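In the two assemblies presented below, chain A is common to both, partnered first by chain B and then by chain C.
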Partner chain A sequence: MRAYELMKETFYRRSYIWIVHVSWFALYGLYWWLFLPEGPDFGKFVFVWGGFLLPLALSAGIFGDDIGSGRICVLVTKPFWSGELYLFRLLGLSFQAVVHLLLAGALVLGLHAVMDKGNTTDLGLWLLASWLLFNTCAALSTTLSVFVGRAFNSLLLLVLVAAGYFVMGMLMRMLGDNAMTGAFMSFVRYGWPPFTLLHKFAAGEYGPFALTVGKFSIAKDIACVVHSLMLAAAYSVLGIVILSRREFSRVRD
Partner chain B sequence: MRNQRNAWTMIVVAALLLEGWALYVVSLSPRRWRPALIVQDEPAAHALYDGMMAAIQQAERLSYDGFCPGPDARVSFYTVHQAKPDRFRIDVVNGMSSKSATVVGDGNDVWTFWSGERPYLTIDDDQSAAEARSDAYVRRAMSAGPPGIARDITLFGRPYYKLILDPDIFHDHTDPLEPYIDGVRSRGRNDVDDVVCDVIEVSYMQAQRTRFFWIAREDHLPRRIKEVVRRAEISVAIEQWQKPVVDEDIPAKTFVWSPPEGWQRWVPPSPERFLLATGSEAPDFTLPAVRKGAISLSDYRGQVVWLYLWQVGSPQCYEQMRFLQTLHEQYGDKGLAILGLNFTDDRRIVRAFLKTNGLTFPTMLDTSHIAKRVVWGDYGNKPLDVPLSYVIGRDGKVVDAWFGYEEDSQRGRDALAKAGRPVEDRPGP
Partner chain C sequence: MSEYGLMGSELILRGRKTVLVQAEVEIAGRETAQGAVVESQGLTKVFRRLLAGRDKAVCALQDVSLSVRAGQIVGLIGPNGAGKSTLLNLIAGLIVPTEGHVTVCGYRARSVAARRHLGFMPEHPVFPGVYTARAVLRYHGALLGLPAPAIATQIDRAVQQLQMQEFIDRTASDFSQGMKQRLALAIAMMGEPQLLLLDEPSNGLDPVGIVQLRDLLKRLRDAGAAVVISSHRLGELEKLTSDYLFMHRGRIVSIAEQVAASQAGQLRIELVADGVALAERLLPASKVLSATDKELMIAVADPEEVPDLVRDLAQGGARIMSVLLQRENIEDLFLRLCNERT
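Showing the complex of A and B:
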């Protein structure tokens, strides 16, 4: 019951959440109608909008609102482990993503049937990759929300991701291939939300005609899924630890 | 409580092991991926490759539509017509801008021209870029041997993705990469546009690049080619064939073209004009060595230096570097320094290449903008082409500079002799 209540809360904690979902569907439809088949693959569009931008929109202020209003003090004094707050809210977000992406898939299939445009061959893979990315970004954003006030967690994550890729590009350009850039690239590749890995996974680049490793294609697909779920878990553990140890002020913003 | 703690410990350990396995599989460890990528030859798959090449070379006439999509959603659409012995026409259209370029070989001359403005090429400077920008054509006389279509296609410019398979193969020219095939293996069946195809994977030069060919069972011609080139960054190119037709009549006028009234002939400038002139001071530089430390040109003042710019994916560089290694072994302690400079390739690939081929002369490796400034700005390699050789005298002045490779390396030996460090005609091992 408690889990259900906490998960349900994520659906209506802010009035614009429904607007976000509806707007995203409208964007998917518009993109399909206007740009296919000339534009880049639809899957990549869903990957960015549904996998990265959607969790930012849905998780904005997920703990920051409670901290700002003082409600968090009530929540953490409830007779259950405060980590459950984090876990069930994150699960609520993940469940929202499942529903959202399934509806997006249905919308796309419907548009494809009606308009006979575009290619839906790898749509399932892209939706799965989007969900995996969603979980990772949602976990990171939720963790940031535990110590960043109001709804700035999403903005902060957006800035961090943009800055990270900008710095990566500059380092590669200026310093080329050396130990420092190699270390930074490894951190971005394995410690940061796995944009590139999941993109390659969804694009079938770990399949039979792989770009890098020709063998172990199925293993690599599974490893991508495992790694992204583990990353989400690692971010969650961090968020739970911070939430458990933090003392909250009763002073309202 | 204790059981609970044990359970959590086991869960954490299991999660860490699982994550460790996942990272091991997804990580790009060269010790693992290189052996996996260097293809071991399978006779049946190699026979498919040979059959494809034979099907192309044995045709008297060949026509197909091709398209080459890029990662940025640009597409280049090709129409190719070829007829033995030496006639061809290749039209390309840029999918986004609808601009086009064409090369026509009529048996005597090769004509290259563009619709609208000629694009800015890497061999252009401000003056040449202003010359003949529109209604321009290039004309060159055909020489004996393969037509050299790939060279003409480079004049199309950057708006167009290039064909992967050398069109000269139709004119009985061997693919330049064929001597460097590691092996060919089968990748099963995968249909393209409802055409049943066998897929083969071919790796070249110790997996510096890999090509996948989708070979149609009905005519042994390719329907799709995918090339993966592993430099500092991995690049992927795709070429798709549609409606290939063999030995059907092609109207003779397809291979005929003459410039319309008012068009200007443009003579592409030689890229060597940007190189440092003989007698000019060779700019000093310090770049990281491929193994350890750094190498400065000034460290070799007092010796004759052959500075050699190369990359792993260039077969010409392979050949020249064997000669340079021999010079290094014979004259390295007799006043001749061979310095290699690679500014494009991945460190792991370069190290493996040097080790595999027994190349021990000092080599610099730097893919940053610093190296590009030295190569492009200081040493005049505007097209960033390889191989490029500079012979620098004991006084630090340029003796000679040239692009390309000569089988007998006569130009290099002449330059060394001029610099006061002559070498034998054919230095022994």
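Showing the complex of A and C:
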């Protein structure tokens, strides 16, 4: 009951959320209509919009709104572990992503069947990669929302990701391949939302390893999935710790 | 019975029995106060800003010890910045004390066990997005872990008690301040908590709503709930509770002596005639503040003197038309105390 209400609340907390979903579907249709006569990957488009930009749009102010308005003061006086508040809201986002991506997949397949345009190769894998990326980005954005206590957590994440790749590019260009850039690259590889990893995972760029089905290495693909889920879990643990220890007061006496 | 050591002065204020809760509750030598719903000892809260020096720290609460028992309504009064909301937030477990401790029903504040026993109503309630009042109550009932039938029963009861029939199925974010206050109180009451923490509960309520709120809180008190109210509406508070904590600059100030002193007043007596002669003949000069043939103003140190004074005057031949004892009420006292301390 509590889980259901908290997950439901993540959808109803802002009236614009359903507009985000609907306009996103319109965007997929438009992209299909305008840019896929020759059949490049539709999956890559869904990966960027559904995996990265959708969680930013849906998680904006997910805790910041409550902290800013003082509503959190009532929520955290209820008799349950504060981590549940975080977890069920994140699951609410993740569930929205599942429904959204499945509908997006149905839309693409439907359009493909009707118009015979574009390429739907490995669409399922791209949708899975999008969902995994969605989870990591949503968890990081939610944690940032708990930390900053304002509604600009998504914008902050966007700036952080852009700044991270900019710094990485600069370092590679200026310093070349040395210990410092190596350490930074390792941090980005293992601590950052796994954009490159999941892109390669969905594109089937990993060569055969031990168990291979077609062009995919099952062992490496499983490692990609586990890494993404663990990263989302790590971001979540950080958010839960901050939420549990944070003080909430609007002292105006 | 006062095991928890409430020290107070019983006195008559506006004809009602009033007990002033004194701050420094003596609980030394005992582990917990029996019957106490809220208990704190040496509670201190210092707010520090990140990366700011020690000199920028604000001590919002300093060495506060108190005890609130079941079936008691306690009013927190004091000027802005006195520490009332900080004290409420500490009891609610929203913030952590810098020193000291506070318990709710014997459990450390901020623990899940303590939260099971408290309902909190903030000063400015906010409700989620597009929820109706009924959906908001259902949501909070679910957060409390109540089963669906119990939630439905409690919603129906809250609707009756708080007169919410007209707007229970309307979107809560569009409510007027008064409607929001009723809904916030209904949320705080869900789960029938043993402790209600209310921050300015009568904000925005119309006169009928204020009377209903007062009656409801009295019923809850009679049912055994403890209620702590922070409010600037002293007139309302006075009608609701007889127990006050006067806070000033983060401390609870003992006001028992001042209130006792405030019981002194002026007796205004309207007469048909001969006021000056009667005053000279029947009253000590030191007591007569002013005298005309039609009116006498007499100083009284204790309200219990009044019946004897009136009887003496009547027996001495005074034809009395009206008698009025003018005294300092809690509002006047509050203003005087604030002025004295600033």
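Convention: the second predicted complex is superposed on the first by the 235 of 253 C-alpha atoms of A that agree within 3 Å, B and C clash if a C-alpha of one lies under 4 Å from a C-alpha of the other, contacts with A are read in each partner's own complex, and residues count from 1 in each chain.
Rule of thumb we're sticking to: contacts are C-beta pairs under 8 Å (C-beta built on N, C-alpha and C of every residue); 3 or more make two chains touch, one makes a residue touch a chain.
Model, not experiment: these values are computed from the prediction.
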item	value
Touching partner for A:L197 - first (chain B), second (chain C), both, neither	first
Touched partner set for A:W81, first chain B, second chain C, both or neither	second
Chain B versus chain C as contact partner of A:A233, first or second or both or neither	first
Which superposed partner A:R14 touches (first chain B, second chain C, both, neither)	second
Which of chain B and chain C A:C73 touches, first, second, both or neither	second
Interfacial residue positions of chain B with respect to chain A in the complex	15, 18-19, 21-28, 32-33, 36-37, 73, 187-188, 190, 199, 201, 210, 212, 226, 228, 232, 234, 236, 288, 346-347, 365-371
Interface residues, chain A side, partner chain C - complex	1-2, 4-6, 9, 12-15, 66, 69-71, 73-81, 247-253
Interfacial residue positions of chain C with respect to chain A in the complex	47, 60, 78, 80-86, 89, 92-96, 112-113, 115-116, 118-120, 122-131, 138-140, 142-145, 147-148, 184, 187, 230
Chain A residues touching chain B - in the complex, by the definition given at the top	38-40, 173-178, 190, 197, 208-209, 211-216, 219-220, 222-224, 226-227, 230, 233
